[in-house]
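Below you'll find the structure, written out as structure tokens, and then a few comments.
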Amino acid sequence: MNTLLHISTLHYLVLGAALFLLGIIGVLTRRNVVIVLMSIELILNAVNLNLVAFSRYWQSIHGASALHGQVFAIFVITDAAAEAAVGLGILIAFFRNKETVNVDEVNLLKW
Amino acid sequence: MHAIVEYISSYLQSNQTPGAAGNFVWATIYILLVFVGLSIAVICMNWLERKILAHMQVRLGPMRVGPHGLLQPIADALKLLLKEDIIPAEADATVFWIAPFIVVLAAFTVFVVVPFGPTHAITDMNIGILFMLGVSSLAVLGIVTAGWASNSHYPLIGALRSSAQMVSYEVAMGLAVVSAIMMTSANAEGTGTLSMIGIVQAQLEQHEWFLFKYFPLGIVAFGIFAIAMVAETNRAPFDLPEAESELTAGFHTEYSGFRWSLFFLAEYSAMIAVSSIAVTLWLGGWLRPFPNALTGPTWDLVFSLFPGLTFLFLAALCFYSTVRMPKHPLFRIQTMGLAGFGVVLALIAAILFWGPARVRVQDIYWFSAKVAGFMYLYIWYRGTFPRYRFDQLMKVGWKVLLPTGLALLILTAIVGMRTEILSMFQEGLR
Amino acid sequence: MNPPVATAFFFYLLAATMIIGGILVITRKNAVHSALALITALLAQAALYLMLYAPFVAGVQIILYAGGIMVLFLFVIMLISIERNMKERQFNKQWLVGIVAAAALGALFVTVYTKTSRGVSLFIEGRMSYGESQNTQMIANLLFDRRAGMYMFAFEIASLLLLVAIIGAVVMAKKRI
Amino acid sequence: MTDPRTLSPFDLDTPEKTYLDANELVINMGPQHPATHGVLRVILRLDGEKVLGLECVIGYLHRGVEKIAENRTYTMFNPYVDRMDYVAAVSNGLGYCEAVEKLLSVEAPPRAQYIRVILTELNRIASHQLWLGTHALDIGAITPLFYTFRDREEILKIFEKYCGARLTTHAFRIGGLQYEAYDGFEEDVRKFCKFVKPKIDEYEELLTTNRIWLERTKGVGVISGKDCIALGVTGPVLRASGVKWDIRKALPYANYKNFDFEIPTGQNGDTYDRYIVRMIEMRQSLRIIEQAVEGIPEGPIMAKVPKVMKPPVGEVYHSIEAPKGELGYFIVSDGSTQPYRVRVRPPSFVNLQALDLMCRDQLVADVIAVIGTLDIVLGEVDR
């Protein structure tokens, strides 16, 4: 009981792992490209959660200014923004040409 | 009983925000106070906007419900609550149902960090201003989903317009805000802050409002923010999302009754929220005029009399109108009501003249007075300006405000670091 | 020592919100519903960041993810028609393989996280409360400071990445350039 | 792929596509829409927000005025013309009365002519004020509406005092006037002239140099003088495109040749020029009114016309410069008490034809501005 109530880094890691798995399932099973992209966001967020949790763990060892995990999280968020912009841009181009959002039908190497 | 009084007074003397003190009870009380006050402010704003706009347009505005239409907002609220809540058959019911709540939540949550005084805030966050910008930008989600869920052309176009507009103007807004935040670091240690209370205290320490700091940079930043905040709240002349002559009512065309009133509530509280940001960042927040120049007990007394005097003035206005009411039996109840309202205002004034209240309330008073100035500006804009076209709006946002904001940011940085830069040059020369 | 109940309560509340949100994201037919579920999950995550004494990351999460990226998603979902898509099959043919792969990964996670050395859990917790008052400043030091700022180069690269992304997105999405 | 511009706006059976693809979004604006000035229905084909073409659907207010005329005597039909352009009812009446007078070969006495001119010009100002208020409202400025309505009220008061009606005045009779000008009519008109001049300046102060107004109106809905003539567009729209055509000068009717006034023209033919032209026209109308008030002669107000009018067999076309453009009446008489055929050439109807041309390649918001600037009245379009 005490381990359940005393929230430790491991709790966050388990949550992150669960989200990561959900994201993986989404990416692997869904056909709608938009939802696939959203699942990727879910994966990135799971990673971010881990990073920030690690950051707190790191702080507990190396002092309050050891915020490397949080800085990493910020970089990941930047990356996610870039990924979303390009991904949705590709999606729009794809949709304009094939009029579908199904990832199965992304089977042309060029158009 | 005595213990309770003791507890309250000990808390009042602790000079901490409830959030910082980690006191759940007081935080709840503050949250209730702020939200109730906000709702009252929105109701007052509704009446004032109609009256002021009417007088700008050679009309009288509401005159029937209560003396001078004072009860009109209450009648309206009652009507809106009792109206049938229509959900269009083709609409996506769940999203249609959620959307207004997203908007209201976004508009209300920002008030968690608004500092009405050095201790009169629900909490003081290290990322205060960032939190405000972030949460207020969530309103766009509600608007987009509202437009989409209505499943109709006009709301959809309104929603797309509105999201494009809000996202674009957020950029310029952010640049202006960053410029003000940079100014907070112009102290001996060179450490700035994002905390709303910290920003105001920085203005107190630096002996000037950021509006006048690094003249004219502060004024330009304020100008950018003042334009962007009108666009951000979808008000005239940037009210394209709800341009009634083009899109009937934009994203809330299909809404009615209670849900529509939520949009209304959110719009007005968002106006108050962005005005609070502007007041906090550039106009010295809760600080009274000349807090550094006019010091001493006499000046403190003089300035602390203002809240009471304001309410006394309003009460006098009420009594004057009471005297001027038509002497007809039909108007008897209205006349009595107006006189009663005047008495209430006079009572509030009397309380505000009472020593302890006077001292604790004046911060809130100055903050509200500054915000009220912005509210008047909003109404004035609405009475004066035609509406921008969508491409012109985007042009203003991206081609005027954004480059100005970027240049401003760089200039503020250069001016703020001028001693360091100069010493670097001198080192280089040597 | 009694564990702080409030912390646990909020953690489980937010964790549940996130998990439910995540499940909704991958199961909803309608992409807008998925997006709304994802927004809920992201906001809950921002709150979790606050619980982890990372207010700045939380703020960035709200502004960028919930206020920026998700608006972009909603925008695109509205631009492309989804009515037709909603009537189609939602899951692809390899869904079973996907689930199995995810389950394998999950098993891996379980093994790693339950692994203890000498009866002690993997992470030895130190002091768990740090003042958040200087969080933003410390992150800024890591990013920008002349001496302590070890991520300055990475920061510049990130800005370059964003520029490339902007141009790429415009090239992809624009009909006529 | 076909150029969307060659498609008719009525090709509505294109497959349901999305907002991403061009030439697909068809929006139906009206007949119930706050900015269509009545019951105009406009079907817009849009590329995003750009207008590729539009089609007006009219007839929601059709009352068969021309057919009614065939079953009424000449006198009985007179009130019906007020219901066409109901914001400029006096002008409508003037056109009809003069057309019938032409058919009967009678002429109204000079005093009647002067009073007619005063009332018609007052009505022109009222019509332009109403246009300005609604046009500014469409573009988003709400305040001018109330200012113009406040000042238009003074004109309506004069009408009311003169003939008892404010909107559909039925002020004129065939052959002159029914009512002598009331006592103090001239004084009222003079007072009004003095009152309204600073008010027009006030409208201009709000709008003329307002940057948003300039951006919303300059270069919007441009139409060349040539196109105007080809489409038959008249009135301020034509004059704003640089064509100096005003029937009051070109083919003087009533006694307009006695008065000294100028015809304002614009150069660019855009919405802003039309705004400026109308503002100057209001001032010129005041000038005419002032001259007319000073020169009202004494004398009879009614010419000798038979009680039962039986105009000789023949046809007549008479047109006047109504506030919105050329208002023409074509009347065919078969010698009986009722006209054989009456055809009205309503300026709004003809001007509306230019809407498609003016809105091409503009944005949706401009369509609203252009509908406003054309100054159409649906009662006249649909008749």
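For reference, chains read A, B, C and D in written order, and residue numbers begin at 1 within each chain.
Keep in mind that, in the parts below, a contact is a pair of C-beta atoms (placed from the backbone, for glycine too) under 8 Å apart; a residue touches a chain by one contact, two chains touch by 3 or more.
None of these values were measured; they are calculated from a predicted model.
Student: By the contact definition above, name the pair with the higher C-beta contact count: A-C or B-D.
Tutor: The greater number of contacts lies at A-C.
Student: Work out per-chain C-alpha centres and flag the one nearest the whole-protein C-alpha centre.
Tutor: B
Student: Using mean CA coordinates as chain centres, what's the chain A-chain B distance in Å?
Tutor: Here chain A and chain B have centroids separated by 35 Å.
Student: Could you work out how far the Cα centre of chain C sits from that of chain D, in whole Å?
Tutor: 62
Student: For chain A versus chain C, what separation do you get between their C-alpha means, in angstrom?
Tutor: Chain centroid spacing, chain A to chain C, equals 5 Å.
Student: Centroid from C-alpha atoms only, then distance chain B to chain D, rounded to Å. What do you get?
Tutor: 46
Student: For chain C, give me the residues that contact two or more of the other chains.
Tutor: Correct list: 56, 60, 68, 77-80, 134-135, 175.
Student: Residues of chain B that touch two or more other chains: which are they?
Tutor: Within chain B, no residue touches at least two other chains.
Student: If you look at chain A, which of its residues touch at least two other chains?
Tutor: 92, 95-96, in rising order.
Student: Which chain A residues qualify as touching chain C in the complex?
Tutor: Answer in residue numbers: 2, 4-15, 17-32, 34-35, 37-39, 41-42, 45, 48-49, 52-53, 55-57, 59-61, 64-65, 67-68, 70-71, 73-75, 77-86, 88-93, 95-96, 100-104.
Student: Along chain B, where are the residues that touch chain C in the complex?
Tutor: 92, 94-95, 98, 125-127, 130-131, 133-135, 137-138, 140-141, 144-145, 148-149, 156, 159-160, 163-164, 167, 170, 191, 194
Student: Spell out the residues on chain C that touch chain A in their complex, using ranges where they run on.
Tutor: Residues 3, 5, 7-8, 11, 15, 18-19, 22-23, 25-26, 28, 31, 34-35, 38, 41-42, 45, 48-49, 51-54, 56-57, 60-61, 64-65, 68-69, 72-73, 76-77, 79-80, 82, 85, 88-95, 97-99, 101-102, 105-106, 109, 113, 121-123, 125-128, 130-131, 134-135, 138-139, 141-143, 148, 151, 154, 158, 161-162, 164-166, 168-173, 175.
Student: Given the complex with chain B, which residues does chain C contribute to the contact?
Tutor: 30, 32-33, 36, 39, 55-56, 58-60, 62-63, 66-68, 70-71, 74-75, 77-78, 132-137
Student: Which of the residues in chain B come into contact with chain D in the complex?
Tutor: Residue positions touching the partner: 56-59, 153, 236-237, 239-240, 243-246, 248, 382-392.
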